[in-house]
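Quick heads-up: structures coming right below.
Next come two complexes, and both contain subunit A; in the first it sits with subunit B, in the second with subunit C.
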Partner chain A sequence: MDVGTFVIGLSLSALRSATPLLYVLLGETLSERAGVVNLGVEGQMLAGALTGFAVTVLTGQPWIGCLAGAMAGLLLSSLHALLSLGLRANMFASGVAVWMLGGGLTAYFGTGFVGQKIDGFSGLKLKGLERFPVLNEAMAQITPTVLLVLFVWPLVGFWLYRARAGLTWRTVGESAETAAGLGLNPIRIRLQAILAGGALSGLGGAALSVDYTRNWIEWMTAGRGLIAVGLVIAARWNPFLALPAALLFGGTEALTLRLQALGVNASPYLLATLPYLVCLAVLIWGTRRAHGRGGMPRDLAAVFSRTE
Partner chain B sequence: MFFLALGQKPFALIFEVVKGAFGDGYSLSETLVKTAPILLCALATAMPARLGMLSVGGSGQFYAGAIGGTFVVLHFGALPGGVLLPFLLLGGAAGGAVFGVIAGWLRAQWNVNETLVTLLLNYIGALLVDFAVYGPWRDTANLGWPATPAFPDAARLPTLFGTRLHVGLLIGLALAVLLHLALTGTRWGLMLRVMKGHPKVGLWAGLHAARAALLVMALGGALAGLAGICETSGIEGRLQSGIAANYGLTGFLVAWMAKQHFLKILPYSLAMGALLSASDALQLFAGMPAASAIVLQALLFFAVFVSGRLFESKA
Partner chain C sequence: MSATPTVRRWAAAFTLTAGLLAGAKAYAGPVDKVGFIYVGPRTDYGYNYAMDQGRQEMEKALGVKTVFFENIPENSEVERVMERLSSQGFKLIFPTSYGYLDPALKVAAKHKDVIFMHAGGFKLAPNLGTFFADIDEVEFLSGMAAGAATKTGKLGFIAAHPIPQTLRNINAFTLGAQSVNPKATMTVVWTGTWSDPAKEAEAANSLIDQKVDVLTMHVDGPITIAQTAEKRGVMVCGYHADASKFAPKGWLTGSAWNWGPLMTAITKSVQAGTWKSEHLRGKLKDGYVKLASFGPMVPDSTKTAIAAKQKAYASGTALWTGPIKSQDGTVVLKEGEVMPLEKVESMGFLVQGVTGTLK
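The block that comes next holds the complex of A and B.
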């Protein structure tokens, strides 16, 4: 295998591995831009992963599965909205509660789906590509959920920076007080932002189980949702920077898998800590940048350094 | 309601839970066995909360403590029990404290959110234990069973009343009371209260916020680390993966139920220990997976928020 093939293969599998995370990352960016932290994305991802997988098993239609997964994520995120907005509970603690509920419910109802297999999406086929096996193999990594996220990614950025509604969301995130003074309803806008984030994280979970792993295991997200919350900070709440941030995680994961496949003499368990360590490192880096250059929504800053 | 939806009769179920948790000597001791790590993990959440810090790193610190204590056993296992055990506990506390300090230091130095750091460390802690028991610390005599060699008897925590119950519970009890006294009665406790409620006043009074953040996170980590080594040495007798079970999050929940109050944590830990040990029993008798215990915990968490809101509006 020559270097070029290795690099292309690695970048494409990085993109594939980053895809589920990118959905969650974009969703959490939306919520946080409106001033809401949601650790429940981990549970919402699990809900989306199980629902998406189960629906795909039952209907044989991966797209319907993805849609159902997004709905499941949205439904669960409404609980976070109820607790954090309605009851004004601590946002971090409320997120942990939603995470536990999502994890517990999916572990309970998912037992029957462990070990089942699905076909997932059929890969993209381009005519004439069969003559180039390397390219052909590379294209197999570009699955429909990858294409969809590449479409959603600029859309979220456009929404936040260029659409009128996106501006109201950002206003609420900077200062709910000012927004209320402008005649906006901060609670309603935050609710919308949480639900949008919930749908995207559910979709991300479904992309993981339906398209990436093509199976269901309880707690299969293994902290991806929490990593997304950390990466939002590293991406400085900028949806356009979400792609490179997600690729950093995807690249680390893809690299560890490649290294193992190449027979590198290191414990797979130590290698598996790498994505978490990378996330920790960029979280530190991102926080330091956020203090210097800003980028963090003001109301969110109050949540992050609260001393209640 | 969750159980109604699953077609279980709730009252019969509650009766079963109580019977399963306190019905006889054995079930009572099993309840207390579960109470010990929950109590320590809840204290581990409540300690940083006294400075307004939110640590969800119970399970990572639990694993780090188990690693720290096991390190002591593997290197100084030949010492007699009277000497070894204190070092074992110290190793456990130190291991957990390291994980706590990482988050505390990052917070103090660069204002990195400690909640996210502790959450990430949970996964790293679990993987480090996996690494140790599949790698350098693996006992080759255990064919296919990833674990360290069994601890020598001198490194096993003494058990009580001839059951599996170990002195970890007494350690937790003593620490809860001690911390409660320290926080209510000493200058240090007052200092934390000032810095939590009015950080600016604390600053004016010349209090060292960074030092305090490091200290409470170290203490919190040490408490969860103790839970880890007590479970390893008292129950399992060897380090193996997955030992933290769900104790970290359970402790987090208990601390919230008790409103981060050290003495109130005691009855709530007992109740949660009862719930968990009964759910183990029910798993055997009614075929209910352990996942339902987690769902029940999440619902309890929601109830905490709802009741917190009710009381707040009454006051």
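The block that comes next holds the complex of A and C.
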């Protein structure tokens, strides 16, 4: 057993598993930084996964599929915006409604697409790399949605910390009241943040179906949307920390499978809980280090605790 | 194809139950409408797809009307569906998911004039029987194709949970591979869930990275694993349904259900008044399970060997015949010894040559 091969394999595997999750995680970070929790991301991810797959089946173009997936996520998130911003419904109840609706609708409309075949993206082929077979094979496993998310990741960070518009989003997240006093329109800004998050979660779903698995099956996200909501907290609402958080989860998940493939004698049941345990540990560690709020936007904190 | 299903009558084990329940007479007579209930979408390209193919074949063969319900959870919802069907004149209902057993027993107790045929269960009522088919024989044949084709001698099995059904398949597949290639080894990766394509893709990748060159599976659908194998240039044996189009190059063969004949026979027996409350188990020789189509990489010599083994099964050779050793070398069956059926149905070990953890 070659250690180098194992490390390369595990890293690629972690990156692949983390990719769909990272899109969703970045999207949820955006909307939470503007002060809105969206539990509907699971449903939005499913909407993106089905729409992305279906459009790829119909057009044969995975990029158009991914774009359509992002649009589907955006569209479904607008329902969360309507309920939570427009009708002032409880944002958790509204998010759960969107989550269930997304799951139900995609299960219903998706039946016709189960068992369809798509070709998806092909892996990277770099000239001159043929001389290094291990590296060449590794690169061939990196697909366009992986590269795209590595590009989107710093972009979201710069948007929140370096762009003027991002600053207004954060202001609204800290205190809508203050923001309104400054002449900003908190509702409009939160709407933008929800929709941006919706598009990213839809894209994450499409990355899962069109690229990663080339398959559609109902509820195929298997809780990854909700995991992303949890990872936002572990990453302390910091988009730059989103990549390590997603890699940690994806990597642990990949590790549990790789250990088995290596023939390590460990309980499959315990291994399956490992990704969650690791995230929980990071969550506790992160919260303790940040003394309480852990980077949570102030207006969000108010949703949880009225005394703050 | 023989007209009467090969029946394993579990009479001995169930004499007590049957005795207690004797006296009530099950419905016999015309069947106009037959109800089918699936736990997932009938287009899942796996378990439910196979059940629905059976339904369609039965409908065509007998000209009876069928109605199906998809995505019905294994809780009070399936009870409501069965309740509604029972009161709407359905005389025969097929609850096809393992978890439908207890709800079906409940509804069956209320509607004595309706017959329930549950898939894979192990309990009976005067108007409730069960059916299933022994797919492990096909897994053995499929394993032969894998054992003959592997160049690295390393096979990989991706399965959801360590339960008797998956262990039977893993063991049968491995024994099949070893029958033609004694050095072949099997590595098992458990995904912990029946359906999570992302995990299935990653499990496949991790096995391929360990030089495994033939993959097979026991999860809800074969598509993601077949496609991942094809993408990485290794071979694959399918499960549940023929997925050869997802791996045109690397597809070897696979195990598939063929419920049509069994469902037809069951419906006929109700019409004829010969239906009995029992555990029906179809076998390969009757065509209730079958080998999927062969891929381009399977040579004629392998096909001939598989056909010969298939013939042996048809003439009564038992798959679970010794010598069989478990992972650590413990003798499970001595030379020539045949495993009793209840042991087969509650299998809790992996055979020698398999790497994988059970608990």
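The rule is simple: the second predicted complex is superposed on the first by the 278 of 308 C-alpha atoms of A that agree within 3 Å, B and C clash if a C-alpha of one lies under 4 Å from a C-alpha of the other, contacts with A are read in each partner's own complex, and residues count from 1 in each chain.
Throughout what follows, contacts are C-beta pairs under 8 Å (C-beta built on N, C-alpha and C of every residue); 3 or more make two chains touch, one makes a residue touch a chain.
Just so it is clear, the model here is predicted, and its values are computed rather than measured.
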Which of subunit B and subunit C A:145 touches, first, second, both or neither: neither
Subunit B versus subunit C as contact partner of A:269, first or second or both or neither: both
Touched partner set for A:117, first subunit B, second subunit C, both or neither: second
Touched partner set for A:284, first subunit B, second subunit C, both or neither: first
Which superposed partner A:87 touches (first subunit B, second subunit C, both, neither): first
Partner chain(s) touched by A:13 [first = subunit B, second = subunit C, both, neither]: second
Partner chain(s) touched by A:214 [first = subunit B, second = subunit C, both, neither]: second
First, second, both or neither for A:107, with subunit B first and subunit C second: both
Partner chain(s) touched by A:257 [first = subunit B, second = subunit C, both, neither]: second
Where subunit A meets both subunit C and subunit B, residue numbers: 107, 111, 218, 222, 267, 269, 272
Interface residues, subunit C side, partner subunit A - complex: 40-45, 49, 70-71, 156, 161-162, 187-193, 195-203, 205-207, 209-210, 212, 220-221, 223-224, 227, 245-246, 355-357, 359
Contact set on subunit B toward subunit A in their complex: 51-52, 54, 56, 106, 110-113, 115-117, 119-124, 127-128, 130-131, 134-135, 196-197, 199, 249, 252-253, 256, 289, 291-299, 301-302, 305-306, 308-309
Residues of subunit A defined as touching subunit B within the complex: 39, 79, 83, 87-90, 92-94, 96-98, 100-101, 103-105, 107-108, 111, 218, 222-223, 226-227, 229-230, 233, 267, 269-270, 272-273, 276-277, 279-280, 283-284, 287-288, 291, 304-308
Residue ranges of subunit A touching subunit C (in the complex, touch as defined): 5-6, 9, 12-13, 16-17, 20, 107, 110-112, 114-115, 117, 141, 208, 212-215, 217-220, 222, 224, 253-254, 257-258, 260-263, 265-269, 271-272
